[in-house]
Amino acid sequence: LLRAQVVDGLEAKGGEVSARGRAAELGRAYLGLSAKGQRRFLHLLATEFGPRPQDVEAAIKAYEAAHEAPARQAAERALRCSLVSPRSKLLAQFNSLPNGIKFLVDLRAELRAGLDDDPSLRLLDADLRDLLSGWFDIGFLKLERITWRAPAALLEKLAAYEAVHRVRSWQDLKNRLDSDRRFYGFFHPNMPDEPLIFVEVALVSGLADNIQTLLDSGAPADDPARADTAIFYSISNAQRGLAGLSFGGFLIKRVLDDLVRDLPSLKVFATLSPIPGLRMWIEARIAEEGEALLTAGETRALKAAAERAGLEEAPFDELLAGNWHKDEALSNALAPALLRLAARYLLTAREADEPLDRVARLHLSNGARIERLNWLADISPNGLKQSYGIMVNYRYRPADIEKNHEAYRGSGTIAATSAVRGLLGGWSIRGRTRVE
Amino acid sequence: LLRAQVVDGLEAKGGEVSARGRAAELGRAYLGLSAKGQRRFLHLLATEFGPRPQDVEAAIKAYEAAHEAPARQAAERALRCSLVSPRSKLLAQFNSLPNGIKFLVDLRAELRAGLDDDPSLRLLDADLRDLLSGWFDIGFLKLERITWRAPAALLEKLAAYEAVHRVRSWQDLKNRLDSDRRFYGFFHPNMPDEPLIFVEVALVSGLADNIQTLLDSGAPADDPARADTAIFYSISNAQRGLAGLSFGGFLIKRVLDDLVRDLPSLKVFATLSPIPGLRMWIEARIAEEGEALLTAGETRALKAAAERAGLEEAPFDELLAGNWHKDEALSNALAPALLRLAARYLLTAREADEPLDRVARLHLSNGARIERLNWLADISPNGLKQSYGIMVNYRYRPADIEKNHEAYRGSGTIAATSAVRGLLGGWSIRGRTRVE
Amino acid sequence: LLRAQVVDGLEAKGGEVSARGRAAELGRAYLGLSAKGQRRFLHLLATEFGPRPQDVEAAIKAYEAAHEAPARQAAERALRCSLVSPRSKLLAQFNSLPNGIKFLVDLRAELRAGLDDDPSLRLLDADLRDLLSGWFDIGFLKLERITWRAPAALLEKLAAYEAVHRVRSWQDLKNRLDSDRRFYGFFHPNMPDEPLIFVEVALVSGLADNIQTLLDSGAPADDPARADTAIFYSISNAQRGLAGLSFGGFLIKRVLDDLVRDLPSLKVFATLSPIPGLRMWIEARIAEEGEALLTAGETRALKAAAERAGLEEAPFDELLAGNWHKDEALSNALAPALLRLAARYLLTAREADEPLDRVARLHLSNGARIERLNWLADISPNGLKQSYGIMVNYRYRPADIEKNHEAYRGSGTIAATSAVRGLLGGWSIRGRTRVE
Amino acid sequence: LLRAQVVDGLEAKGGEVSARGRAAELGRAYLGLSAKGQRRFLHLLATEFGPRPQDVEAAIKAYEAAHEAPARQAAERALRCSLVSPRSKLLAQFNSLPNGIKFLVDLRAELRAGLDDDPSLRLLDADLRDLLSGWFDIGFLKLERITWRAPAALLEKLAAYEAVHRVRSWQDLKNRLDSDRRFYGFFHPNMPDEPLIFVEVALVSGLADNIQTLLDSGAPADDPARADTAIFYSISNAQRGLAGLSFGGFLIKRVLDDLVRDLPSLKVFATLSPIPGLRMWIEARIAEEGEALLTAGETRALKAAAERAGLEEAPFDELLAGNWHKDEALSNALAPALLRLAARYLLTAREADEPLDRVARLHLSNGARIERLNWLADISPNGLKQSYGIMVNYRYRPADIEKNHEAYRGSGTIAATSAVRGLLGGWSIRGRTRVE
């Protein structure tokens, strides 16, 4: 049934107006399908409605036959057209549905959830990505400051989308919108009730070293005009259907510009960021390097602390499995080793020539530098689980952003303070950490 | 100098944020150039920053080498990417300029003005058209009703853009926004002060047969709730930079839907349209067919009227050159011949299998039918000049729109009333005029 | 100190612009005072800045001396001016403070909280009431429909102001704004973030008889287009500083108009209202009338039920003190007596010729009739405490509103269904209950 | 008929909701009357629905009988209530009509137009003034900046209301809204499409001395950021129905504050004002003082110029009747005398202890000083007619406004520069001109 409708939707008969009408019908039919029916429809689109090979091959032949300028270019254009899949054209027409663009964003989210089960969907995913990438061009997005005066329906969504530090209650959310906070999001004009990405900023005195303090909704608001530091403590992408489109860098830049203009007393702009891949990386290092991972001094200190804690002598990884952060002596003994390994992770662990840590990738490619590592900065279960409670400040110094950014892009150089670099200790840095 | 900047703008170094920054600088530099400098810049873009042949050829090879499904599709995609010109990428980045999308629309308008002098710009024009076509997708446009409460700055633009019946004064414009009128336009969210296309509608009793009456700003407003007919008397495209994107059909459909919903007393929806190509076509016919163009009866009647008017016997085309419309007898004698020829023009004159008349093309492809020809309907100099003062009503009957549209698209059938068809008289219609 | 400022503020020197400036300063000084200082300031205003007796007496003399028309009227006007207190003029000038009108509303709320301690404030209260009464004229108020898209800051206030059925959570509030609900408030243009009064409506099938069901936030939303009944289940005044200004009648009328227009399927408009004074009145009756309050049949039934419940024979009022509503037999035995007494209370208990119950006064004076009494309709602690869980539906029949209203105003007639009147049983109605 | 409706509208029967309903009906009936019928209705209201004498007298008796505090104050209040006329209550209720407040403003405009014919309307006018004075309290008004992006419907009204320098065309109006101009108005929230008063400001370099230059719509816009002087060149009240309520001082103050904040380069704030009463005053002086009005030197110079101009010797007032401003020599000869008399007029001519000139009253009471007299500053027919083309700059020096204002209010002192004062020459100033 649907196949017939798709074929019908793609046929050239009728003009644009009626083509849109048929696409809208098809869209409504899709929404009426079961989850299984929807997957089947997507599979159909992905496998049967790509560019037609015979058209492509004919266009290649024509291209190769054309040598002189105008004919060549016409052929070039014809070849490009032959490669635009019929399904892309159909997808574009869904834009005329009420909330059509959100329909497509959600369709891609749905589709991506099925990628593992049905790899043929990757083609469709790529087509959709191309389409959405044009429509969500940064030039169309609006930066909006969100306050407690925003619609409850929007705030409810922000709370649901917050991916870094879960919003626990309306009171928690209200605290994040208080006078000593700033909350910004990017919006598309055709999706006014849906944030694309948003960032939460705290206006404080001195570089924040602890997320619990920032999220304490009982604390009174500070006077924003007296703050000297803006801490970006959470950045969340809100639309799974826009995966692969990167808004983060633009958002940070625009918010920095806004803050510099509005609050001249601000001198320091930095994040308080998680290190999501640290624990997994350390566990891999333990498995691989074993005892050799720690220095002799670190091993000694840990042994002593374990004894004092009445623990039988336990290897590093067993200590880390327990509630070590509640035992001050044990925690103090672990700190030097873990901070050293965190610095090693951030400064040296790479994949495909980029930092292994995805948050590090975002900020370093935007021109930030690694400013400070913070011990016991996030002792929530999640914080302990992903990075032993360690967090990092990435600092944006307006004068250095461009320079850092280009050094990072050009030669992969990671900007870091000498304090952070110093944590590496004996570890010899492979190449490219710049010292400030 | 600019070449270096373009190269710089296109180089991969740096991320998207800084690429945008560089594009913005380039855009500002462009705006600072003289008209000549701007043309040179456009020529440069058109000729030096197309797809790189070596990349395209390599991608073709890879495509031809890949036979199995996933590799084949990856190659397909890579080939498509190789065909996206560097200049397209750069143009897209201008969207981040303040009013970036208007910048691009105006840039294309500028460019098109230079097409005749510099044919190489056609490539750039096509690239820009593709880019704008995605961004001005109908799904993004907003239909807005424009009233006398609209910003003066917007009304001033509408008056300047009106292309069919010139706006003579603010009073004239106010009359077109009166309670017995409707004025609608399409707007893009990033160009809120700029209409893309707009249509003017008069709410009247009975099918309007005369544009002077409609434009008489001294006439009192009728009660819109009592009108039975909506006359679309002017449709103007406002942006030369969007040439080739067709919004007209969508606009008419949306306005029809709105009127049907809001004013249930309306029974008839029709245009009062110019016939811009009629005179030129008749003059060509005279040159080609000579005397044979008129029937014997027509020739007789004209001769008699010419005599009565004290004119020496004058051939048809000389009669038409004078002030015949002020001489009632002469005018009456000319009417049958000119109306017959107008019907022949609208029903039979074709180019590339489409009606020769561009206004006819718009309405017939949208599903209207030719309802009535109106004698002395526009005796302004322009009306006389383009169509001997004849105007035509295209009527949109909601129940027939789809059917007419498909018949037109499928077999080229032109819908017309039997009254209009009857005007053809002895003339045998070549094929495809449908009779109602 | 303040006295000097008030005197200064009231002195005629300078024009209006500088008088406003001085008033603003005084307002800021007031806001900086301690609660005690503020009371002292209010006392000062109330006691020292009334109309000047000598001026009033002089004006009376002049009035009595003037007999002829124009002189008489000038004297009349002069007399009225002499009676406008200097403090009124000062209060009016506070309107120029940022949020000046809210300042005055809050000042009156503050002042009224101190009326018992300082009766001299009554004068000031009356002056303020007169001033606010003009400024909050119903013609200035805007009816707004409030949805889940309203600002969180506003919703938070609505939750705090809800006086009838406490809002327990954001989920509870969201439920009250669901698609099968309507939530309307009156707002003043100078206090856009502050509701003055608001009403909550449920769209249901059949007359609601139970508040727990309406407030169950787990229940799915019904389709509002299918509902036949609109239940007004909560009306709350939000500003204590506007006590004595009655917006309720206007609000109900405007909301009725809106609902009739928007949802043509609605046939019945009624409240589900508390009976706040019922228990207190019954307890007074018990104290006064003792055994005679119940009929023989009621007494017998209660005795039997008490025995079955294993209770020693207990008099009526002791039974009512316990958890009787959880014992079905006991509850069934109590129902006839309590419903009879509730009907007697609503239909006959009066004070100063108006119904004793304040909610009854609101709805009856607006033209509603007493439609039905509902047993076990609100078994929350508060519902049991104020009315033994009984609630009442007041029904607004558009065709009868005017008639009921005038009968109520004219002769004190209370409109009620015969079913409700029937509950009175042997009780002879003193005069004026109209039967439908 | 109407009398019955008024009586009905005023009767206490029914509550506020139905009273409003009846007032609305009455309002609609009024709007349906002929002009004559409306006058009759107003006369009826004015003469028959004032305070009831018997009520007033009873209240006076009660007041005189009450001696102790609480009783006395209650009596005071009751007396005040007895003096509030029934017609005032009715007028207030018209506020519930759609556009009710505009209805009342227009009703007062209508009424004031009839004051001369029917003096009894003065009572009604005073009542309406009191009512509107409360409702148009400055605290409710919004200052709005008006630009070319304002609704055409609003701009059309501004052009119609401009009372100082007539708006000649849309181009003229657009020029007054250009980037080197500022245009501000006060608006009431219930009359959003109607300005109450507005002021036009030009941003220029140096104190403007000529209105023709300012109003030249062909002149290019200056860069507002480089201007050092803001010239208030037109202030117009827009609502005749608000006569007697003074918004001008507040408007000037608010606009000054805005300009100081937004354009720090502005150093001088001044008007370029007409002197509407000058010619009439000089003509009266000529009639009274004859020859003695001029000094011997002035007389000599005039005589010589008249001779050179080929005129027979003409007395001063005959010279002034002709086209003297086009004859440079004659104009030069007249200047000293006319400027001297203009200074005398502004500095000394008083009525009821206030400056005779109404524009001077406005600015001097607001704290401005007379800065400079400008010769041939407005040679339009109107400018010549009212003040022989002379205009005056009143200058607002932020630091002196308060001081000037208080000196003016306190002792009637008129602030003026020594240059202006110097023009008086031999004329001895009676008392109170302050010299800067």
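Points worth noting:
The letters A, B, C and D name the chains in turn, as written, and every chain counts its residues from 1.
Criterion: a contact is a pair of C-beta atoms (placed from the backbone, for glycine too) under 8 Å apart; a residue touches a chain by one contact, two chains touch by 3 or more.
What you are looking at is a predicted structure, and each value in this text was computed from that prediction instead of being measured.
Of all the chains, the one whose CA centre sits at the greatest distance from that of subunit C is B.
The geometric centre of subunit B is 53 Å away from that of subunit D, both derived from CA atoms. Our note on geometry: subunit C versus subunit D, Cα centroid distance of 45 Å, whole angstroms. Averaged C-alpha coordinates put the centre of subunit A at 62 Å from the centre of subunit D.
Touching of two or more other chains is recorded for no residue of subunit C. A complete list of chain pairs in contact reads A-B, A-C, B-D, C-D.
Interface residues of subunit B facing subunit D in the complex, by the touch rule stated above, are 147-156, 170, 174, 193. Subunit B makes touch with subunit A in their complex at residues 13-18, 20, 50-51, 56, 60, 63-64, 70, 73, 76-77, 79-80, 83-84, 92, 95-97, 100-101, 119, 123, 126, 131, 134-135, 137-140, 189-190, 246, 249-250, 253, 365-366, 402, 405-406, 409-410.
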